[in-house]
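By letter and in written order, the chains are A, B, C, D and E; residue numbering begins at 1 in each of them.
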């Protein structure tokens, strides 16, 4: 069923130029290679007790579905209609005005009409109408209703794993219909059938058992941090001694595990370490709650809650007063919109107050978790940091608003404030591609695998296009952001579409600019590259 | 409502659009209930091709003479009197020679001529500038030569007032009914509303009944009304025998009001039946 | 060069036809959207294509400056390399140019001695196709390289540590951990 | 196909009303019975649909944030697009419901002079706004037929609506605007390929129906006159629950009325419920304050987690070796 | 069925239902327009009739007046030959208002009352039509009776 890269000789000369007469309902999804992720492994699903755990492959004809799969899906829909007003409402009120159609990065970059948010939603709506509305039951296709066949299920899977839940469509929808909410429901349904992807179920299992997506065991975390400390010492001459799982610390620090392992996230982690050391902050890392991100969020609400529970549990165990969260996109969407509801109330914590500036973080008084960009912006505003932005002078920086923090939280100006204080060359991308209109990296919601690289390149094209614009016009060579998935995937995107642009986290730039007490004269940046790149060469 | 509307239209400057679009719409929408054959002119109506008046200034000797003429017109047409020039509405009025015939005056002309009030009214020009500029065709030239003003259509844009070189048009800045004595309103003739432009209509409503304009009737022969296209008409005979002048002929609008100003020897010409 | 001036005259209509052929090569549903002349694009790919083909055409007339042409070709091929095309489909947009030119110049060709020039031009177009194939392969290789790089960067720290920590006995589910099976000492950055 | 189906459905409905009144003399059915049924379906159906939505909770606080959050006091919050207070939400909802704020934001991705631009795309917003507002004004205007003495605000609306004083009877601007905008909304579904592709019969049908209603209304007002006093008599009969069928109201009126009844009855069964839905949309009607105030999920249930204890049991030795403090030695 | 955010939803629904059913409440106890079908016949029998039959005049009188105006003001044609062959002078103020000599009486006058006062405002008010004819055309003096 998957299309290979071959065509019969006689097809070469005559590509069919005529669009099909058939409507989208009668056009089944074609599983094109390099656009979908591998199926989940049974053992990973078993670890977290997901139903119908088995090895399967989307590319194969036989998905090894349980006998009563239709029943499971329909029961699942019914259950969720009763639990989520958003779902029920969004099934009912779309008028198909088309305002969202050309807002999706996958549609813009690839052109597959079913990647228009409205059609992606219609896939699920057509099932909903058939089984849950009177008009759909009576009028069938005329009312836009469809039987739940295997083809329809496959279509649902194919396109619901081609949505990064970035919410860009929702911004433009006159009723605020959020495809992300619908995609979440669609994905929950597929998970009832064990139809997860390997790239999501692996990290979920890891995170559940070992505390983080990458499956880093406690000693691996500490030794990984040791490497950063070595590098920091090389750069600054200062040896930092962070603590792990330390009871009685004032603050617990939680960051996505990607920052501990994958470049360029690691440089961001070094930035955190340097900043906290310079402040003399009484804080600790946790190896148990060693993941801020939440791949469970890409499977089901329940799984996301199970993974998220560790943060408060650990904060309670360690007896900290409050929590700082590192740079991550969906982690913050989860913290902002879900954490307190799921696992709160965090009444064992105190309302966050910066020990350095005394600022009360009023906006976090219930979750007790502060975004590090808020924390750092406050420090800079109060003049508590000595910064030398010139150290970032070889960089011409642009800012990528990550979709989750932009449209699921609204943290837009804090990082920009920090950025303006730590570097001298900052250029915004075109207006309609930033802030709440920002384009997704094309790899969110667990789509940052390798096997779907083509899909990622397509989906990221609108973002890359805007970066290319500032690269060509202002010579931008650094794309800064506050999202671990961005840091992991934008590199690849830039490599293909806009070579010469690197990717970094906000606190890497902070780390570079931070003048630490007792440091030696720096000659290297956090990437161990000469600080004044060009001059040094000359 | 209507007064605000007109004000609004004027201010917003959509009068032109409303006029052109509106006319088209009105024409398009109207599904005629009347057959053309169902209407006809009054059998006793005065008919002509080009109505005009010759005014013999020699016969308008006294102020009373003139006032009788103007009052006759203004009272039957319910022309309001606000007793101030700013709001003044005038169909027929007077001016000095100098103002009536600018450029014709000279310092040696008779003193009484200089001071004499000249009776002025709409010239019902052959080439009326006001008609050309009207965006809604509220003012138009009738077949009998009357420059007519259709109050129903007027949107008060006042282009016509700017275009008319004779100052023959007045704008209703105020509700005209407040400038009328309720006891003396002529119930047979409508008033106007605030926000429209009005002027002399050559008593089209009287012509339809076969009688001459009120001013002519009240002038004791000083004003002679007739069809300028009819060589046998009295007015043509007067124009052929007397020296007459017209206001601002150099503008090319071809006014149809003629003034006899010289010689006291004008004899009454018998009326033509 | 008589042909060149003829081509220059017909440039607009040739480019338009060529553009349409490219748009129609998109998956049927997509081309449906892109067909409409007045609002062809909900697809940034179009930007590169329409710009690209004009530049390529100009270069053809000018006689193919290798460096420039490759850049223009790259802009188009790079996009098509990650869209749903087979390699042959991805590059098929070049050849119709021959047909379009012959169609546009039917009368002129019949009535004059252009056949040599036409043949020369067509072989230039063939060269173009060959270059496009190179670019296509480069793009595809780039994708695989990116995949590899990504894994490398994700696991670099692990590899770094692999020199120091004992990985035996760890059965990790982490995909990248397969790479941990590299023996000590092999990892050098 | 989807277009034709909807088109002929509306034509058939028009014909059935025509036949019903003109041939079968079913004035009472079309003038009294059907209107009562329609208004009942409309009201009860509407309420039922809203209650059904209401019966599902909003477990999480999920506003789409379209601007800067409330954070440090010196960072300027976008109080409307990212509201942290009820008043902000009210303004946001008002802008959404009254002015279609989100559609106003619409962009289109297009090619201009060989360059990709994200241009303004306000036509949909403009047509949508024109359509809904003129529909509302026309709806309100019709209350003159349902109230014994017409309130002055309705007269004012009528006065404003016929402001241009064109034609006889005075042309209502909203009549033209409604017909124009509904035509635009239809044409864009036909001529914009994406929109055509996503459109269902259920999208064309209401457009045809509303076009039919507006067209029959215009015809009745300006061309095929009906006895308006008779219409008021019928309408008043309905609302004082003493239905009467005055003689001599033209058949065009019954067609108009029948189509309206269908629209009312169809309303709660269809996407037209977006009228109520827009107010219930959790991405727009919620305050983004979930870090400040705990939001309660009524069906929140305890879940199985991998506890620290289990974790330490898995890794105790390794943790000790790495110098990480443990609970149990 | 538990309704979440019930308070707000019920307020909304009450407003909605209130608006939809408002005509029923506003008109409680009110009476409908009463039209005496005999009125027209009676007028005829008394030798009083309009320029055209009532069935035509009711819906079309404004159109007729509009065409009259056009004919009189623009074409200068003042005579109207009615469909029954009678001739009338087209004048709103001087022909129509001769019979419709009172524009201010209640609706009943036209439709019910045998006193046969063919008023304008009665009807107009009942269907909320506010013609602006009388901004200029002089309404007949109201007879105080």
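The definition used in the following text is that a contact is a pair of C-beta atoms (placed from the backbone, for glycine too) under 8 Å apart; a residue touches a chain by one contact, two chains touch by 3 or more.
Note that this is a predicted model, so its numbers are computed, not measured.
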Interchain contact steps from chain A to chain E (minimum; 1 if touching): 2
Chain nearest the global centroid, as defined over all protein CA atoms shown: D
Selected pair, greater C-beta contact count between D-E and B-E: D-E
Furthest chain, CA centroid comparison against chain E: C
Cα-centroid distance, chain C relative to chain E, in whole angstrom: 75
Between chain C and chain B, distance of the C-alpha-averaged centres to the nearest whole Å: 80
Length of the line joining the C-alpha centres of chain C and chain D, rounded to whole Å: 45
Contacts with two or more other chains, residues of chain C listed in rising order: 29, 32-33, 35, 42-44
Residue numbers of chain E (touch at least two other chains): 4, 60, 63, 66, 130, 132
Multi-chain contact sites of chain D, meaning residues that touch two or more partners: 54-58, 108-109, 116, 159, 165, 168, 192, 194, 197, 280
Chain A residues within the chain C interface of the complex: 3, 5-7, 12, 15-20, 24, 27, 32, 35, 43-44, 101-102, 107-114, 198-199, 202-203, 205-206, 214-215, 217, 219-220, 223-224, 227, 260-264, 266, 450, 453-454, 457-458, 461-462, 465, 488-489, 491-492, 495-497
Touching residues (chain side chain B, partner chain E) in the complex: 1-2, 30-34, 37-43, 45, 78, 140, 142-144, 148, 150-152, 185, 187-193, 204, 208
Chain D to chain E touching residues, read off their complex: 39, 42-43, 46-47, 50-51, 54-58, 143-150, 154-155, 158-159, 165, 168-169, 225-229, 232-233, 236-237, 239-242, 244, 246-248, 276, 279-280, 298
Contacting residues of chain E [partner chain D, same complex]: 1-6, 9, 12-13, 16-17, 20-21, 23-24, 26-28, 30-33, 35, 37, 55, 58-60, 62-63, 65-66, 111, 123, 125-130, 132
Complex interface listing, chain C residues touching chain A: 24-35, 42-45, 78-79, 82-84, 86-89, 92, 139, 142-143, 145-147, 149-151, 153-158, 160-161, 164-165, 170, 172-177
